[in-house]
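The following pair of complexes shares a single chain, subunit A, combined with subunit B in the former and subunit C in the latter.
And now, the complex of A and B:
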């Protein structure tokens, strides 16, 4: 089949590349477009199509498309050019069975559970049905706890006396979500860190392909409970682009209002947790108590505090009255005063500075290579904000600054988040002033069928760029393919690099730095088995065959 | 030990161990919100503990995935009697919106028995507080007889 070009309105260029010259093509494109947005795979017509998307930090996207046969697909790895690519390639390998030659972690899994049989067909192939998968996995499911995946200290396998492999998680007091990290320690110092994800993998991409466009909206909203509105918004943007639906101006403003309230709640939640991990409990309690004001507003507007289900294809599900907008205005003023007081108090508190300055330091080059996004990237001085470079919703009409800080450590990222909260307050003040009249609620909810084509959308959730890709087939009630690239995935690549050289006591702070949301990245991800050496060299004293990770 | 007896034995200061079995973070942040000033379950003596061996109540959030099922069973077995498991949110109760996914087993009942369910997506911290208060006041089973309550013991 020929390549399907992306809708022209995206203003994007897609280049068809033969599979053997992918490395050269990426080398060329990476000189001008160094940010790898993601690798999207689609199984269609006995082919696996790979779409590599690149950005130049100005929103001028370029795509490379490679078409592989679905029988033993194989292509060269590009992780030698862009570090962050290795995690995307592992995802594609797990979900589609594509083999990446020269990948730093060969024969390893990223996303599927321990019990997933080695020879079984990958779950996202169209030839594999959900029933088959359930039958297969039920037959191998056992309730034994996973065997210790990481070799423990004292094992005779390691002659190096100074290196200790410490398993960190999956259920660790310093992690609010189940994820596993293998830390190689030399004394207190971390020399190597490997994340192992997939505990929260729910197979959302496969589920979404089996539900209608409207049902999938409620599903993708639950990819992540903290940036839930951004997930449903990005999905809606992609679906509207695919189906050719335009929402009204008032709906765009209301969407932006809820999104910015969500950003404030997420950022204040994060700053509170920073205090918690730094041992500053009052800070945690102050911020979470101030945050309740925002949660009350969200409950008033959408009827629920966390998973708001406020957006729908073509508009929003309920209008907000003028009285309620006045309450928003009043409460946001109160919140601003409260937040100003708290943030001035905590950000001028010297012990907090000392605890966070130069912790988890990384350079802008490393952040770009890892593909980092959001406040993590802006903390290293790169003004990459989708709201500015690819405006959506009501953002073109609103004035706000893209906050950047120099430094690239826990402190600078905290400063970015504090300042962004003030910018969000400014945006909400403008929305209340400027919101146009009209009916934001569509006449009927979308129950129709799909058009042929593909569309993608990007937004800027609190954690950074979120990317959705949708493929439609004529006459289908459900999307043919939904691809989600969440911000934590590339940020985690960066965090694992940033851990190196710091002490074990810094781990909670450095992991918190990127505001990890594992439920996001696990929606389609499995689990790393037998991780081999990555782009890092272990100290000489470690035997060459040392591999951090599951020896299975 | 009979489950109904064990509920009566937990009188004051129930300590919680939070277990995310595959949730979206929504229930998790509402559990944390219940600990912070506005709701403040610490008024009932409830605090989060870092070890299941110190905990009286296992708080489960999210659908049980194939990868976490083993850990859930292990952690529940590590808790000392008398112990209670509470499933917070529809996913932990039944699998919720993710039911039918290839990597999702279903609710916490699939792995451990006698789970108290608080449905909601996510339940409001007020509901979480109310549930703990009922445990604290030992009124759980009276509620069950009402029939209309959202808090049920199965």
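And now, the complex of A and C:
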């Protein structure tokens, strides 16, 4: 059985490509569509279907589809054409057992621990049940003890006297989430960085296949603690496309309101952390105290600060009264004043410039090749914002600017985030004025069955383009396949590349300039020029089953 | 000071106890001031305004289990707090805190300051290198670089004081300031340089590189715990008080002030007020400072401050020559 074409309403073209000619096809498409959105794999009908999605930064998506047999699937790697592709390919290799010929990192794991038995079936295949997987996970530590832990000393290319291997994480004050980087230091200068990820895998994609559409909504919301609403919104957009449901206009406005409040809180959180990483604790304290105002608004609207659980398929779960909208308007004005004062003070502060200007520099070409998204890409001058190129929610009715900065360093990315916060404030002011009346809450929550087909959705969370792919099968209460591609993954490829040559003092700033969310996107490795990506073994102290499961 | 040995002993003990408790007061002042700048309340629960919090922290750490890693050089590990606390207390006794005459003194006792500086740093080094992990090695390395920079600056600025006061004895320098005017009025640049390089000595922002938590976790302190950590923190506090008192003594005329010569009780009070003022200035800089990039440390600490001192020296030389 062939591929199911994407619904026409997406305005997308899917081209079926034989597996031998994938490299040529990608080479051709990359000349016009250089942004690789993701590689989606689906196991269906004894086949593994790979969907390569490309964008030309104007929202004109092109897809390439390859059908592989699920017995010993093999295809050529495209990481020679687009740098960021290797990380997507590793994900597919871990989860579906597809072998990528010519991959720079053969025989290494990205998401699964090294002790995952080589012969064991890949976890996301449909033939692998949850029970089987759990049994495997229970026994995996006895099967094979994890290889020696980091730090790796005596690396043959350096003499032991001149190089210190500094373990950076998984528990380190600069990292808010568990992630390990082994940094080879010559004095203070970084000559090499080797990360290992996979400490917080929770197998959300596999779990989502075993829940109804509505239950999966609450699951995907827990992918991330900062942009939780964007995850549930993107999932809802994909599900609504798949199931043919249209939400009311007021619901779209309320969704946009919560999403923009989330962007403000995420950006002010990050700018505060910028101060923390630069050793400027006061800036951190000031911004986080201002951000508290936004968190209280979110609590007022959705009843919760972090996992808002506000959205549902076909609308939102509660209306917001006019009085509450007035409070939003008033509080956002107060926040604007406060934020303006703080951001003007800190962004013109000479010592902070010294810590951020020309630190972690990267070019726009590198950013495109790595597949970077969001403020990271806009900091290099490319106006790529899903809200503008593929408007969703209430964005078509609202006026706002896509902020870009020239430069491509920590400072330019910070400036993008500061200005975007003001744009978000502007959007919220418009929403409060323009919001239409009506009932945003659907009569009943969606409890029905799926249609045959597939759909994807993209949104613009604070960190950049988020991509969800949903496959439905007739009569099924669950989604057949949920694929999540979060923004940190391609951005981290870029950050790792930007790290080399700088000093230890810059590591926190460079690693975090992309606003990494490792829980969102626990799957990073570093690409070292001329050597290919490097991977480090999983430390012994981490239970193997922690990092097992599906992506996310 | 020609007093009986018994009196000296009593005064030594009194000054030592005062030094011990006052060092916690200064930590409280610093924490409270920085918290104000950062829109926080700071220490809050223990005592009025949380004033006893640093002391309670010390007691709490003393009671904690001490985790000593395998491979620790026990001699270094145990000796470092002893060296630090002893030398700093000894150094403080040479400062005229209680009255115009320090408890201990001898001709040329300004040099004691350098012994204290060197041994304080040595005690940090010994604690840091007693277990060589990546964090302690990098942190201690930064500490040594920083020490070599500020040591030179202090040495030069004290040389200028010696040049003007004509004596390397602390009580003589105080006497000189009481007869003329506090040295800060003659050597304002030297004073600013000394205060600024105190931040490097005390590992405070922007020069908190040796234990910059975002970069090297706790730096040279990474492997310390329990009572050793308590004592190393105490050394940090004592170092703070000692350094601030030194600035007060050398630049602000110690505890001299209106009626101080008639009412002797006023001397320590004036001294304390001046020291607290310096502490507030330091806290303010800490509050608004961004940590220096380690690679730029010589450019930010060594070169500008040294050249400022050269300017001060030239001005001083011209002034003295004009006077003669």
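To be clear about the criterion, the second predicted complex is superposed on the first by the 492 of 552 C-alpha atoms of A that agree within 3 Å, B and C clash if a C-alpha of one lies under 4 Å from a C-alpha of the other, contacts with A are read in each partner's own complex, and residues count from 1 in each chain.
We take it that contacts are C-beta pairs under 8 Å (C-beta built on N, C-alpha and C of every residue); 3 or more make two chains touch, one makes a residue touch a chain.
Computed from a predicted model, the values in this text were never measured in an experiment.
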Clash or fit, subunit B versus subunit C on superposed subunit A: fit
Subunit A-centred angle between subunit C and subunit B, computed on Cα centres after superposition, in steps of 10 °: 50
Touching partner for A:125 - first (subunit B), second (subunit C), both, neither: neither
Subunit B versus subunit C as contact partner of A:113, first or second or both or neither: first
Which superposed partner A:366 touches (first subunit B, second subunit C, both, neither): neither
First, second, both or neither for A:81, with subunit B first and subunit C second: neither
Of subunit B and subunit C, the chain that contacts the larger number of subunit A residues: B
Touching partner for A:224 - first (subunit B), second (subunit C), both, neither: first
Which of subunit B and subunit C A:249 touches, first, second, both or neither: neither
Partner chain in contact with A:289 - subunit B first, subunit C second, else both or neither: both
Overlay on chain A, subunit C to subunit B nearest C-alpha distance, Å: 5
On subunit A, the residue positions that both subunit B and subunit C contact, one per complex: 173, 285, 289
For the subunit A and subunit C complex, residues of the former touching the latter: 151, 164-167, 172-174, 185, 188, 275-282, 285-286, 289, 349, 351-352, 354-355, 503-508
Footprint of subunit B on subunit A - complex, ascending: 112-115, 123, 130, 133-134, 137, 141-146, 170-171, 173, 176-178, 198-204, 206-207, 210, 218-219, 222-226, 228, 269, 284-285, 288-289, 292, 295, 304-307, 517, 519, 527
Subunit A contact footprint on subunit C (complex, rising order): 34, 37-40, 134-135, 137-138, 205-206, 208-209, 212-217, 287-296
Residue ranges of subunit B touching subunit A (in the complex, touch as defined): 18-30, 32-33, 36-38, 50-51, 62-63, 65-71, 73-75, 96-98, 100-105, 111, 121-122, 124
